[in-house]
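Paired with chain B in one complex and with chain C in the other, chain A is shared by the two complexes that follow.
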Partner chain A sequence: MNWKLILLTLGAFILIWVAFLVTGVSTVEGLQQMVKGSMGSARGWTGTLREMTPLLLLGIAVFVGLRAGLFNIGADGQFNIGALCGVFVALNYQGPGAIIVALLAGCVGGALWAWPAGLIKAHRGGHEVITTIMLNNLAFFLTLALVKGPLKDPNAQSPTSANVADAAFLPYIFESGNIKISLGWVFGIVAVIGLWTWLKKTVSGYELEATGANPKAAETAGVKTKAVTVRAMLLSGMIAGFAGAIQVLAFEHRFYSGFSPGYGFDALGVALLAGNSPIGLLPSSLLFSVISKGVTSVSLLGVPKGMNGILIGLVVIVFAAMRYRKAVKNDG
Partner chain B sequence: MANTSPVISVLTSTLTFSAPLVLAALGGLCSERSGVINIGLEGKMLGAACATGFVTQATGNAFLGMISGLMTAILLSFLHWLLTQTYRMDHIISGMGINLLAGGATALVAKTFSSLGSEKMNAFPVAAYWVMAWTAVFGVYWYLKNSRGGLRLNAVGQDPDKARQMGLKPVKVRFMALLWTGVFTGIAGALVVSNAGSFTDNMTAGRGYIALAALILGGWRPIPAFFACLFFGFLDGVQLQLQGQSLFGQTIPVEFWQALPYLVTILALAGLLGKGSKAPSGLGRA
Partner chain C sequence: MSEIMVQMSGITMDFGAVRALENVSLSVKQGHIHALVGENGAGKTTLMRILYGAIQPTEGSVQIGGEEKHFRSQDEAIHAGVGMVSQHYSIIPELTQLDNLMVGAEPGWLIPRAAAKTRADELAQRMGFEFEWDALSEGIGPAQAQKLEILKLLWRDSQIMILDEPTAMLTPADSDLLYGKLRELANAGATVIVVTHRLPEVMEYCDEVTVLRSGQLIGSKVVSETNSAELAEMIVGHAIEFQKPDKFDAGEVVLSVSGLSVKGDRGDEAVKSASFELRAGEFVGLAGVDGNGQRELFLNLMGLQPTLGGGITLDEVDITRHSTSERLLNGMRLIPEDRHEEAVIEDWSIEENGILGLQRSGSVKSGMAINGSAKAAIAERITTLFPTKFDHVHQRFGALSGGNQQKVVNARAFEGNPRVILAFQPTRGIDIKVSELVFQKLRAFARSGGAVVMVNFDVDDLIEHCDRILVINHGEVFEPRPEESHDRAAIGRLMVGAQ
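So, the complex of A and B:
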């Protein structure tokens, strides 16, 4: 820690204090309630782990991109498209393995939605941040038009799809009293381990990291960096689409306008905080879900939801500053 | 508006929708031509709109309101400068953090002061903002082409290392550039809230990103970016006019028109329109 970082952290705390002051809730009481509401009870943990599922899966999606040197800001759009594909399949196909087919549909949808960004980055040099922002907005309007039109539940007032059949619900793997753990959460943990193994133990994983670390050197060493870039974007989108389908089958059971409250953007923070190893995604997604669940529980005291954006924004800024200071130092 | 001809109303809405885009795009231009990537236009506009709205309603003074909006956007812009130049943070992460922060803070303020937000707001006439937006385009164009400061801004944005060898201090040049980004996005935010009459949560609704898209479509040059903004404003106007009407016997959903600017930008980036990327080559470099 140097004085600049201390100042930044101090500034962040002052902002949080001011934000609580504006809402009229005492900071200490508010923060206490946040911890109690998210981690103080079985019910709180259930909510926290539910929040953690999309954040972890999307965090993995963004992380894959980051390792290949790509900022996939489009995870939110891929998540929405994946969720919509999952709902569409679950509503129209009730045969054997409906859950698996719906999850696959989510993967395909998310990957297709990320594809243009990968192609444009690799072959046209267009920055993936800009394309994925545009694709996010396209996804938003496309899904909105679909749930207002062809996919709308005729019995509902608001733009929403019908609920999927009970048979397509993703089961809880553990259920006892107020504690419920979804299979989707377990998929997230398994995916982290799988990603770690892939990146560390396989040639293709190594090529991805080499491309991200230094594309020119990788190209010289014989890595086809353009193909790797497109593949990384496809994989990132696929995981984000999978996260969307999981969200549908495990928790929401339908798609509606405003399906994602910005999970894809929070996931950028999750991936960034994770550091260089996928294992870091576990604590960082837990931190974000504690904040998110904590803010939901503190809203009973009269703290608006906006507190979530303030806290996550500040966490992202402070942690990024710490990592980049280190990077600058290492450069000499 | 029942009796006005459709042409007139499309023209009026084109002007209404494009003015904040023009201002925000100019804000983005100042920043990006100096080499600082700025995806935080949205957050700055939102912050300025929020401050302008609530201060005007609380004091009844439109001037005070606008000043506080400007100050908010300048402060957020200054934060971006600090994070990217002093803390050497990645420009995109910093911009994203600022967007999250601004989105959260304005939502919090809007909810807490919701009773104040429903009061009437005496803002400056919107036409004053339009004139400001158009003059600013030519001002920025002239400044970049002919003034010493403009050439320096360009030099830093193209190659910060060479600029350093010429004796320029990129950090200082960028400070001034981001100050202007704050000014322009601040006016843009004030205009958005003046148009609507009061602040509502997330009221900029992605305009910051559309402005960024216009900037890219315009090849980071003021006049083409201005026309791109007019074009996006025009699409919005057409969309209002065509809502609910059918085309070739098919009803086109409103969302199609709303999504069109984004689609055009992606196609442009894919190189189907325009002549490929003309990004300042020092973009994002220390």
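So, the complex of A and C:
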């Protein structure tokens, strides 16, 4: 009885075909170019892994929230705030451990930006989806105002901060020819393993998952679910802020208007696609970055960047349908 | 005059490799109340789900009114006049009572509310029930929900009514009332099948009884030609011995509650200045009509319901202001009323659920980590304390049958050196033999120096098993006079406030 799923996948392919048709590019050629551009060369892989770094870190942030029963739509805002905090510290402090201090600043910024949403959810029952969307808007306009005003690089035309000093660049841990792997990517991998260990092996991780799975049962089992909710939101925001600071120190080296192309929203898909285990974040963030990098390279053929959104959207829909079917089956 | 209304013949049901029913036949006469009894997993509910069209048998036939039927869905069964009230009521709290009555069987695309209400009133009047049709259904008690479910069958013109454990949540008085109504319906021509494991009900109210054991038909009897002992033996395969509580000397006070007032969910005073003591060794019953503050009292003792006044001491330590977590660490245990919502996380494995509530206790928590071997050991113990049917401890908890879930939840309460076990209906959905074992273990735990309070809506169970019985009525806790401590009538009077 899997014909519905096959039909759905087939439908997705037809949509992809039509989308390519509209842009005037042969589908086969387009898909070939996508695979080649993202995974066919050292340069392609470098770009894909670079794209994967924020998607993975933000995916972790959203995932932590989901496990605690929180839908953190605000990852994008926390990412922006974290990046801005990272830039600000890196520009103003060049002492020992500048990189670490800047990363910490990103963590604190992201956590503070998520905090109100956690508090409102825990103590007033206000839904985190609403509050974090609002906080996204605030973050967007606040950071824009800052890079147009006090943080603006006086030598630049567009609203952007100055570049941070070379000493504050996050190093590549592997560099050979055209392949470059950033330390930031490694942090992402380590964080996934750390998160897995924490959730599966520690009491606090267990209590967080209990709160997300059945808050009433968790309460009965002595879990302080309100505190867990606030802490989970703080942690989620902290990781998102960390991702922002990494993005600055590893790749962008400055903050500018339009800093995040919507990474925080793609991360929702990454986290949903990952399923129940943090390990799933690795393939899902890789898939998203392959699509994203592939579309960038296929844009040379004249395919608009919007194709990215179409492809990711289809992946998420097909996957959600698969999971939904499974859930229905489980319930008998 | 009595014609056979339902004839199920040679029913075999396989779930994958598991054979749930083997060559079972059942015939039920029109106008009769027919009891279907057996232990957990005997196949009673499976047989009824086949009759109701929810599942299709592997082999065998179903005849309704002499006509062969092959139901492919519940809809088809409902159209043929078969209706079922399952153990878990399907009342949607956000809908009005009238909407709940109609849901799934609305008169048409447009609902003529006035006409619908008139018909609803007629049906209610015929049964002697009262409903506030326009009020929301949230907070209606189990007895009222049960009545609404029965009206739903009448609304659908069901001629064959299946009730799965209808009295599980009812007081003795409500149970009597229910069977009275069922008798009226049967006299008016309905055919009633009751799935139960309460033998006194079968003996008192039913016409015929069919016994299943391990998916096999053991036999059918006319009730007037059999007795409880014979039926009990048919159910379990050998005669059961009921153990009487032994004599013992109560020890020091373990839990002391003085002047405790508890705030209810609606801001009312759900428990009013309750005072009682539990001594080491005691297995105490708490009798009362459902909804009289039992739930709030237990939740408050666990730190889950706000206190208005009074205090609690555990082993002479004042725990009135302690958190739930601290109380658990100090040995308070709750077997909650609502297993699905309060006791377990159904999507998790049995093993993960095994440490729920014990996650901070000394044996499980080592540093910040969960001790994996302790977790595995607990899973092993809680699935073997009471005979539990399961595949492996890593399977989804929700995949266990209701009775087996309850056994695991019960067993978990004995873990981690408890001092006091608060047990809310711990034998709900569990068959006689294992229920007996649950009572035994609770008593044995008490005798080893702990204390137990058990809420059970079956007063006979309390009288039979408990050393002492407290009664709660409208949030006030009473204790019968010593000479009437196990007197059914005296307890019944206290339950309804007639002294």
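Definition applied: the second predicted complex is superposed on the first by the 330 of 332 C-alpha atoms of A that agree within 3 Å, B and C clash if a C-alpha of one lies under 4 Å from a C-alpha of the other, contacts with A are read in each partner's own complex, and residues count from 1 in each chain.
As a working rule, a residue touches a chain if its C-beta (ideal position, glycine included) is under 8 Å from a C-beta of that chain, and two chains touch if they have at least 3 such contacts.
Model, not experiment: these values are computed from the prediction.
**Student:** Once the shared chain is lined up, is A:Leu8 touching chain B (first), chain C (second), both, or neither of them?
**Tutor:** A:Leu8: touches chain B, not chain C.
**Student:** Looking at chain A, does chain B or chain C touch a larger number of its residues?
**Tutor:** Greater contact footprint in residues on chain A: B.
**Student:** Does chain B (first) or chain C (second) touch A:Leu112, or do both, or does neither?
**Tutor:** After superposition on chain A, A:Leu112 lies in contact with neither partner.
**Student:** A:Ala213 in the overlay: touching chain B, chain C, both, or neither? Say first, second, both or neither.
**Tutor:** second
**Student:** Is A:Ile16 touching the first partner chain B, the second partner chain C, both, or neither of them?
**Tutor:** Neither partner.
**Student:** Please work out whether A:Leu31 is in contact with chain B alone, chain C alone, both, or neither, and reply first, second, both or neither.
**Tutor:** So A:Leu31 meets neither chain B nor chain C here.
**Student:** Does chain B (first) or chain C (second) touch A:Asn308, or do both, or does neither?
**Tutor:** So A:Asn308 only meets chain B here.
**Student:** May I ask you to decide whether A:Met39 touches chain B, chain C, both, or neither, giving the answer as first, second, both or neither?
**Tutor:** The answer is neither, since A:Met39 touches no partner chain.
**Student:** Who does A:Ala162 touch here: chain B (first), chain C (second), both, or neither?
**Tutor:** Neither partner.
**Student:** If you look only at chain A, which of its residues touch chain B in the complex?
**Tutor:** So the residues of chain A in touch with chain B come to 4, 8, 15, 19, 22-24, 71, 73, 116, 119-120, 124-127, 129-131, 133-135, 137-138, 141-142, 144-145, 148-149, 265, 268-269, 272, 303-314, 316-317, 320-321, 324-325, 327-328.
**Student:** In their shared complex, at which residues does chain A touch chain C?
**Tutor:** Spelled out, the residues of chain A in touch with chain C are 201-204, 206-207, 210, 213-214, 216-224, 330.
**Student:** Quick one: in the complex, what on chain C touches chain A?
**Tutor:** The contact residues of chain C facing chain A are 302, 304, 323-329, 334, 336, 341-348, 352, 355-357, 359-360, 364-365, 368-370, 372, 396, 398.
**Student:** Show me the residue ranges of chain B that touch chain A in the complex, using the header's touch definition.
**Tutor:** Per the touch definition, chain B meets chain A at residues 39, 83, 86-90, 92-94, 96-112, 206, 209, 212-213, 216, 253-256, 258-259, 262-263, 265-266, 269-271, 276-277, 279.
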